[in-house]
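Structures given as structure tokens follow.
Each of the next two complexes has chain A plus one other chain: chain B in the first, chain C in the second.
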Partner chain A sequence: MIPAFIVENSPALMVIVPLVAAFITPFIGRISHALRSLWVGGAMAVTSAITLILALDVYATGTRLYVFGASAASMALPPDSGGIPIRIIFAVDPMSALMLVITAISGFAIILYSLASERSYSGLESYYTLYLLMITGILGMVSTGDVFNFFVFLEILSLASAGLIAYRIDGGVAVEAALKYFVLSTIGALAILVAIGIYYGEYNALNMAMIAARMQFSLLDQVALVLIIAALAMKCGAVPMHFWTPDAYSMAPSSITALLVVASQASLYGLFRTVFTLYNLSLNAVTVGWLIIILGVLSMVVGVTMAIPQKNVKRLMAYHAVSQTGYMLLGVGVGLAVLGNQSLLDAFGYMAMEGGLFHIINHAMYKGLLFLTAGAIFLRIGTYNLNRMGGLGHSMKWTMVFFVIGALAIAGIPPFNGFASKLMIYESVFIFNPVLAVIAMVVSILTLASFVKVFHSIFMGPRLPEYAEVKEAPLPMLFGMGILAVVVILFGLFPTIVVESLITPAAHALVNQGAYISAILGGA
Partner chain B sequence: MFWNLPYVAVVVLTIIALATIVLKKNLIKVFLGIIILESAVNLFLISLGYREGGIAPIYTNAPAAAMVLPTPQALTLTSIVIGVATSALLLSFAIIIWKKYGSINLDRIRRLKE
Partner chain C sequence: MRMSKIVRTGANLLYPFIIIFGLYVIMHGHLTPGGGFQGGAVVATAAALVIVAYSYQEVTGIIRNVAMKARESVGLLLFIGAGIAALAVGTPFFYNFLANSGLLFGMPVPFGPNPGDLNTAGVIPIMNVAVGIEVWGGLAIILLYMLSSVAKEGS
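Here is the complex of A and B:
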């Protein structure tokens, strides 16, 4: 049915298609605007399709290797190299596949939305070029098996994101937000590059599996670990390095904000990949686990308390994004803290990790949905200020429905997907440490309170005279939001199927470092 | 000790760069700090790859000496290219900030807070 050529080369194709399409977009835009819309929509659809084909293949047959510059995946270790994998490889295991699924769904839904929401702006060639480059960066980051390659894709992602945050200059304010984000990203990326240099100096390898196999956890490795955790925790917006998040999220166009959520989670993936695959048992799991748990709890509490007084709806949602990132860190951190202990891991460690990873995919869907509804409202009334909104429920019925779905999901109300993952986190974290579970539940209640307030001030009340002419959002935007809303509901109705087929393999792939190494180095 | 000199230079450059980034108020000077930091990291990578008496890995007419694995040089080259893109984007931000705000003093670039 699907040509074998595509399945075989899907890891390379899913990066090459958006990369090439990105740089052809400006030329197509010169011909006609309709053709350009068709081109970027088509390129993204093809990318999503290839990505999903690859992800399904990984879930069905196990870790996929793609060796660049070699005829077969078995050439990961060239016979004349003395046992060192010198080529750049892509290693897509179930954890990477989970991130691929997220990127494929969000990327496609958001570009449909962009086609309508950005129509009236100028400079769309660069918008779509940078959009496709962001997709390239995310897909590359989550599937590479080489630390330096990870750095390169991280920089592609940062450059494209910074350009898009500044895209609507907005009297210079958007550029200010982009500047803040980009200076921090650059310094963070340089910290990661130093860590990569340390690994190379110590182990003569850039391949993740090779470094993991030779890992000794010397003093230098500890320095490298600290550099990477600090840089990636900053990139995913964890407190106390979260201050760029509300600025960048609120100033970027709403469609880009939804994609920035996915980009933050690619950084989160990098953090988990480093801790679990590069270091795993060689590090002091209890200390690093608690470090991540504390980062998570701080993010949850600070994020939600900062969100409540906000007047700008996107700033408010951005602080909630910080708060939700805390749940993922908490879940996976608990899994890490009990890593060496098989009985504890079976009792609740795996469940906590699955909750954290499930929350990643759920968060990308409902948070993306919420940012897209905010963008639809902005398109129609031209403000993000909550005090100036009201009565929009009369005219924007579908947008209201999508907002309610997103808001109930983020607050963890059944039957939406946020409930399924939060319940797993509560149950498992309660066995580990009841205080943490209580904090998580309180944060969830505050989230609900905050969103009830937002819902009331946007949609409820009498129809305001200045918004009497407001119409429903255009159809492609509703369609983009609809895709995410359907995923939110389906994941909430059938959480067991999703957890068993997507999440459990990912959690086991993270924990089982030996399997990752032997998949690449061949039983070494 | 003598062979550690490049690493000493890396540390000195890093300290200068971080001090510049944190202490200077002029946007262009902050960017210069970032560029110095990039150079420090590049010097670190290139020093890692240095082997005394090693020759470049070009096989044609090569003398019978030990060849150097060119990976650190390749990494540095990539990193320089990324650095150019980074500087270009940062400077273009500075141009827009100057046009819109009439200043590149960090104390004046505070409209987001209002």
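Here is the complex of A and C:
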């Protein structure tokens, strides 16, 4: 059905297609704007399709290797290399595949939305070029099996994101937010580069599997671990390194904010990949696990308490994004804390990790949806200020429906997907430590309270005279939001299917370091 | 905003030599120190030189923004194209299918000390050329944008 050529080369094609499309976009834009819309929409659709094909293939047949520049795609160890993987390798295991699914769905929904929401702005050729580069960066980060290659894709992502955050200059405020993001990203990337230098100096390898196989957990490795955790926790917006998120998330165009959420998840993936695949049992799992749990709890509590008093709807949502990241860190942190103990891992560790990973995909869907609704409202009334909104439920019915779906999902109300993953986290974390579970539930209640307030001030009340002429958002935007809303509902209605087919393989792939190493280095 | 006649004449004289030297560094990237990025940066300094010596309005007549943007995209597309060509011949992305093939840049490298043959290394020189074109365009655009704000302040 699907040509073998595409399946075989899908890891490369999913990066090639957006890259080539990105650099042809400026030329196409000179011909006609409609053609450019068609071009970027088509390119993104093809990218998503290839990505999904690859992800399904990985779930069906196991870890896929793609060795760049080798004479055969699966030849990780050249015959004359002495058993060292010298080339850049994409190693797509079920954990990577989970991230690929997220990127494919969000990326396609958001480009549909962008085609309508950005129509009236100038500088669109750079917008779409950078958008496709962001997609390339995310896809590369989550598939690569090479630490230096990870750094390269992280930089591609950071540069493209910084450009897009500053895209609506907005009297310089957006540029300031972008500069803040860019400086912090660069500092984080340099920390990662130093850590990579440490690995290279110590183990003579940049390949993740090779480093993992040789890992000794010396003092230098501890330094590298600290650098990577600090940098990637900053990139995913965990408290106390969250200060860039409200600025960047609120100043970027809403479509880009939704993609920035996915980008943060990719950093989170990098964090988990480092801790579980590079180090795994060689590190002190209890200490590092608790470190991640504490980061998570801090993010949950600080994020939600900072969100409640916000007047700008996107800043409010940005703080909620920080808070939700905390759930993922909490879930996976609990899994890490019991990593050495097989009985505890079976009892609740896997479930906590699955909850955390499930929350990643759920969060990308409902938080993306919420940011997109905020963008639709901004498009029609031109403000993000909650005090100046009201009565929009009369005119923007579909946007209101999508907002309600997103808000109920983020607050963890059944039957939406947020409930499914949060329930898994509550149940498993409660066995680990009841206090943590109680904190998580309180944060969830505060989230609900906050979104009830937001819902009321945006949509409820009488129709305001200044918004009498407001119309519903354009159709492509509604389609984009609709895709995410459908995913939110489906994942909430059939959580068992999703967990069994997508999440459990990912969690096991993350824990099972030996399988990852032997997939690349051969049966070690 | 233009400099004295001595500077302008000097810039005129040096301009072709800087470009030739930059192109030499790009072309010999696989044999000598340097490569696409370094050579591209050298070529872009030729643009910097005329920008310093002449006024913004005069320079934009010679070094056009659109042409430089086109160079940027073309360079990147050529680079990826070299990688995709490997897919077309049935090998993984970025496989060096030209090396030792006897075609373009396809001569085998002689064993032992030798002066270096330009016609070797397969797709690597092609990628060097691509990076050279891209860096030339990219750096020239950065310089032009910086100068355009100076020109606005001056007027």
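Just so it is clear, the second predicted complex is superposed on the first by the 522 of 524 C-alpha atoms of A that agree within 3 Å, B and C clash if a C-alpha of one lies under 4 Å from a C-alpha of the other, contacts with A are read in each partner's own complex, and residues count from 1 in each chain.
By our rule, contacts are C-beta pairs under 8 Å (C-beta built on N, C-alpha and C of every residue); 3 or more make two chains touch, one makes a residue touch a chain.
Quick caveat: nothing in here was measured; it's all calculated off a predicted structure.
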item: Chain B versus chain C as contact partner of A:E176, first or second or both or neither; value: first
item: Touching partner for A:Y319 - first (chain B), second (chain C), both, neither; value: neither
item: Larger contact residue set on chain A - chain B or chain C; value: B
item: Touched partner set for A:A12, first chain B, second chain C, both or neither; value: second
item: Which superposed partner A:F27 touches (first chain B, second chain C, both, neither); value: second
item: Partner chain(s) touched by A:Y113 [first = chain B, second = chain C, both, neither]; value: neither
item: Touched partner set for A:L190, first chain B, second chain C, both or neither; value: first
item: Interface residues of chain A shared between complexes with chain B and chain C; value: none
item: Chain A-facing residues of chain B, complex; value: 21, 30, 34, 37-38, 41, 44-45, 48, 69, 71-72, 75, 78-79, 82, 85-86, 89-90, 93, 96-97, 99-101, 109, 111-112
item: Residues of chain A that touch chain C when the two form their complex; value: 9, 12, 16, 19-20, 23-24, 26-27, 66-73
item: Chain B-touching residues of chain A, taken from the complex the two chains share; value: 86, 148, 152, 155, 159, 162-163, 166, 169, 171-173, 175-180, 182-183, 186-187, 190, 193-194, 196-197, 200-201, 204, 206, 247, 251
item: Chain C residues touching chain A - in the complex, by the definition given at the top; value: 69-70, 73, 76-77, 80, 83-84, 86-87, 91-96
